[in-house]
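Going by the order they are written in, the chains are A, B, C, D and E; count residues from 1 in each one.
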Amino acid sequence: MDIATVLGIVSGFSLVVMAIKMGGGLIWFVNVPSMMIVMGGTMAITLINYPLSDVLSVMGILKNAFLYKIPQLTAMLPKIVELSRIARRDGILAMEKGVKKINDPFLNKGVEFAIDGVEPDAIRNILENELVFTEDRHKKGAEIFTVMGTFAPAMGMIGTLIGLVNMLMVMDDPKSIGPAMALALITTFYGSVLANLVFLPIAGKLKVRRVDEVKYKQLIIEGVTSIQFGDNPRVVEQKLHTYLSPKERELVPKK
Amino acid sequence: MDIATVLGIVSGFSLVVMAIKMGGGLIWFVNVPSMMIVMGGTMAITLINYPLSDVLSVMGILKNAFLYKIPQLTAMLPKIVELSRIARRDGILAMEKGVKKINDPFLNKGVEFAIDGVEPDAIRNILENELVFTEDRHKKGAEIFTVMGTFAPAMGMIGTLIGLVNMLMVMDDPKSIGPAMALALITTFYGSVLANLVFLPIAGKLKVRRVDEVKYKQLIIEGVTSIQFGDNPRVVEQKLHTYLSPKERELVPKK
Amino acid sequence: MDIATVLGIVSGFSLVVMAIKMGGGLIWFVNVPSMMIVMGGTMAITLINYPLSDVLSVMGILKNAFLYKIPQLTAMLPKIVELSRIARRDGILAMEKGVKKINDPFLNKGVEFAIDGVEPDAIRNILENELVFTEDRHKKGAEIFTVMGTFAPAMGMIGTLIGLVNMLMVMDDPKSIGPAMALALITTFYGSVLANLVFLPIAGKLKVRRVDEVKYKQLIIEGVTSIQFGDNPRVVEQKLHTYLSPKERELVPKK
Amino acid sequence: MDIATVLGIVSGFSLVVMAIKMGGGLIWFVNVPSMMIVMGGTMAITLINYPLSDVLSVMGILKNAFLYKIPQLTAMLPKIVELSRIARRDGILAMEKGVKKINDPFLNKGVEFAIDGVEPDAIRNILENELVFTEDRHKKGAEIFTVMGTFAPAMGMIGTLIGLVNMLMVMDDPKSIGPAMALALITTFYGSVLANLVFLPIAGKLKVRRVDEVKYKQLIIEGVTSIQFGDNPRVVEQKLHTYLSPKERELVPKK
Amino acid sequence: MDIATVLGIVSGFSLVVMAIKMGGGLIWFVNVPSMMIVMGGTMAITLINYPLSDVLSVMGILKNAFLYKIPQLTAMLPKIVELSRIARRDGILAMEKGVKKINDPFLNKGVEFAIDGVEPDAIRNILENELVFTEDRHKKGAEIFTVMGTFAPAMGMIGTLIGLVNMLMVMDDPKSIGPAMALALITTFYGSVLANLVFLPIAGKLKVRRVDEVKYKQLIIEGVTSIQFGDNPRVVEQKLHTYLSPKERELVPKK
């Protein structure tokens, strides 16, 4: 579970609620029709902009992005080196048990292909192909959230325009002008909060995750093909080290 | 027919109408001259920005984009594999009947060239050339809608400026200020709704479709040249599989 | 003469005038000093941003862009094929008369080089060099108009700020506030109209024309070098066909 | 210590404080809850947008960027040339003492590898790999500050919207409208000051530093590999000179 | 001296002053503290964003850009061809006198290297290296002015916010509201004028100049290496002609 995201959303909304409460009643800022206009409208625009299947898959992307924690490169590296030792000593087939213990689906797949005797080049091709689709999926996810973050304030402004016109048309009672204008501003407020506290930073996080996940999977591809190539465990380790920053290299547990 | 687009436009406009009705009369938001300024002005700017032929072809692009459904890659793949089996068993000429049943104009053209004995390289060239023009057409379509989505709010603002100046020039009756200002805001409202609920998300959808259609046609080009090359049906299938995501591969109906 | 541009500018301005007239007097929107501030200021900024020679050449670019109609690819293609037939039958020198009838300066130059016996590679080099300069000139033209479209609204805003400050400094007579503010808004109105109805869409059209003119000249270069190479007229035709879209190919008049 | 940054921040804030004092009381501009909304909110959004580890490392990047002064290329160049002279005269191992005197960790590492007899290509690989990570770290730092500079004004606007709605809801006492609106504007003020006087220019400085640090480390890599290759000190000097501008070359102290 | 820039700045500021005078007193628009906030603040931000040395060198870039006139390609070309004739007839050393008469520092340097017998490849390397640094310097100059053009309006807005808050806090005397608000707007006015009439168009001019100066120096490099290579003067002329547009070629004085 990604702690920073939860912490950020909770603290961001807490601050907004706190600010609201200090100046008046929270009830003024809860307006169901305004919420429907902004959230419903943003949803509607997203449906025009993307095929239904893409919009539905957003939920999956989100869940995957926030519940599935990308394992640390520094933790995975020695496990792959250990596998290469087993393969060297007892043959490729002996890796089966070690792989099960590591329990990483992407590594699993790669090692299974190796055990089945698929050519190293073919394994690299299949795994890199899968990597490309992972990347595309993350990229589309970030794009959809960016689009939502662009259109939410636009829907907020449309709502405010509607409120303003309605208010200006019947300006009989000067007393009602204030609250009517406040109401008109609520949709702009919703659009701004949704875009800046939810959609755009989530799009940002998905972009960061994409880079991390790609690097992680590249490390595994490098490792599996290196093992299957029969590389010495020390060579495997050196090859994988190039995926780590100098600082990370010090964090790798030494055997 | 693209359901998401229709759903999105209908629900988006319903939400706007609902929001209008809740606060006042729908009639206040229907103003023919304001509509003419924004829609006519946007049209006029589009005519300055693009040649007449491009503007006229927009309608065709739109119709094509929303009525012609890009077939699913997962449905087309086994049909091409089946064709390759026929070609293997009974010769290239035997594909003629099978192709008619599939009834895809792009596939049709490719297979016809193959039956006529055109060289594989020449077929690939002709089909890829056509692919490039499909891509260009979609790209220009998305560009035109983006331009319209940029200029519609600008025309709305120009309309509002006209309304404001007219209002400010004759501020005799304080009672008339409200409605006059409301009227001035209507063009901004129209520009904003047109841009955010119609032009920009349609431009977005055309971009998504371009990627999908290109991928679909690339699959067909790969298939036709592979068949003509005399590839084993299993090899044809493997080659086409690389165009699918791991998830899509599971959806391909097995024979 | 480019009809769409004229149609667009005329209808765009008609709509604006109509909108003005409906709400009040056209005279309120004609203010010579405001016009001078916005147009003169934009001109001044353009002079800071570009060398004098570039600014002066804008007029030439404009005239060239709107009066010189790029010939249709579909009309030029059969003429070049016809020339190749003459060259095949009666020798390169015989093309001289045919070229004069076609009367295209770019084609003329290419054929003259061919008649003079210049090497095909040298002709291609010279013509492509000229193509690059055509492209650069169009690109600079589009850039200058984009810059003007960016600074016109800025000058409009500066004018409005001046008007507002002047108005706020002497708010003795409440009656004068309205007209004074209206006057202040006029420069914003001018800047917005100039940018959105003139400068930016013209920049857009110049971009579209660049693509068309480059394609047209590439077709001629291909044709001339193919003829000089001694290609069979049918081969010349096939080579040129790759520059047309599938739809355009059907429009080429058959012999 | 980077003087320009300190000078800029101190003088920038002094000017703002001076402007505030001239028009009224500084106390009006100090509002703890508004500060919390803008700074806390920006922090919260940054946590959603970046993993916790990235946010925490920002402090390190900042400290490193402002306290660690990138040595001048013109000062480092003759030192490396001197090293190459020692290596030529007394052998590679003799560099050890000279390197300690220079006391640059990156140069240190490179020379140590050379003394250990690592191959020139391997040294270049390891050092360039480290260079890439340095670049990535700086890039991420600049990105995080750009994101903060984008979201700070957004949080300011959200705070102002809350203040406006609260004010509009209870407009009983006309006297209270002014101060209430002033209070609402304070968050916009904070967001604008934070973004424009702190976050965005710091992001800019980190970008400039990245270019400088990369050039500095490339000079060292070139020098170390050139020395190990056994190049004549004059050749080493010439190679390193290409990293300097013509002006800098004149600043290099001649021996 | 670059006439267009001077003309543009003088006419731009004249128009602004004229507009101010027409509506009121010029004195209202001269406010020293507001000027300090905007100009000082922009300066302070620039110091945070760029190292001190870069900011100081801006003055040099500006002076160089506006006082040093890039010689015309069409004037320089025949001089280089003439040099090549001298070199052909009387040997490379004979160029010394001719070069002094031309008096172009960049050409001077190149010819001196040739006279000293440096290899053509080495000369090309050294001169191109210098070209790259010229380009970088111009690029950084344009960047700094763009940054100043971005932050000047931001400082203007911060100043206006300060003025507004101060005004709103003490709204006792309705008469004072107008002038107080006018004063608040002055900083926005300064920021807008500085950005749009000075910083941004100067950044634009530096970009245009960069392209021109690079082309000019490339012509010289081509010429010097061609002469040293012993090319026939006619070949030198032909090579240099490719750097000119078809129109410029006609302007070259024929011998």
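Keep this in mind: a residue touches a chain if its C-beta (ideal position, glycine included) is under 8 Å from a C-beta of that chain, and two chains touch if they have at least 3 such contacts.
Please read these numbers as outputs of a predicted model, since none were measured by experiment.
The minimal number of chain-to-chain contact steps leading from subunit C to subunit E is 1.
Between subunit A and subunit C, the least number of touching-chain steps is 2. A rotation of 145° superposes the C-alpha trace of subunit B on that of subunit D, rounded to the nearest 5. As a whole-number value, the distance joining the C-alpha centres of subunit B and subunit E reads 44 Å. With centres set at the average Cα position, the gap from subunit B to subunit C is 27 Å. Beginning the circuit at subunit A and passing next to subunit B, one meets the chains round the ring in the sequence A, B, C, E, D.
Listing the residues of subunit B that touch subunit A in their complex gives 2-5, 7-9, 11-12, 15-16, 18-20, 22-25, 28-29, 175, 178-179, 181-182, 185-186, 188-189, 192-193, 195-198, 200-202, 204-205, 208, 212, 242, 245-246. Residues 33, 36-37, 40-41, 43-52, 54-55, 129-130, 133, 136-137, 147, 151, 154-155, 157-159, 161-171 of subunit D are the ones that touch subunit A when the two sit in their complex.
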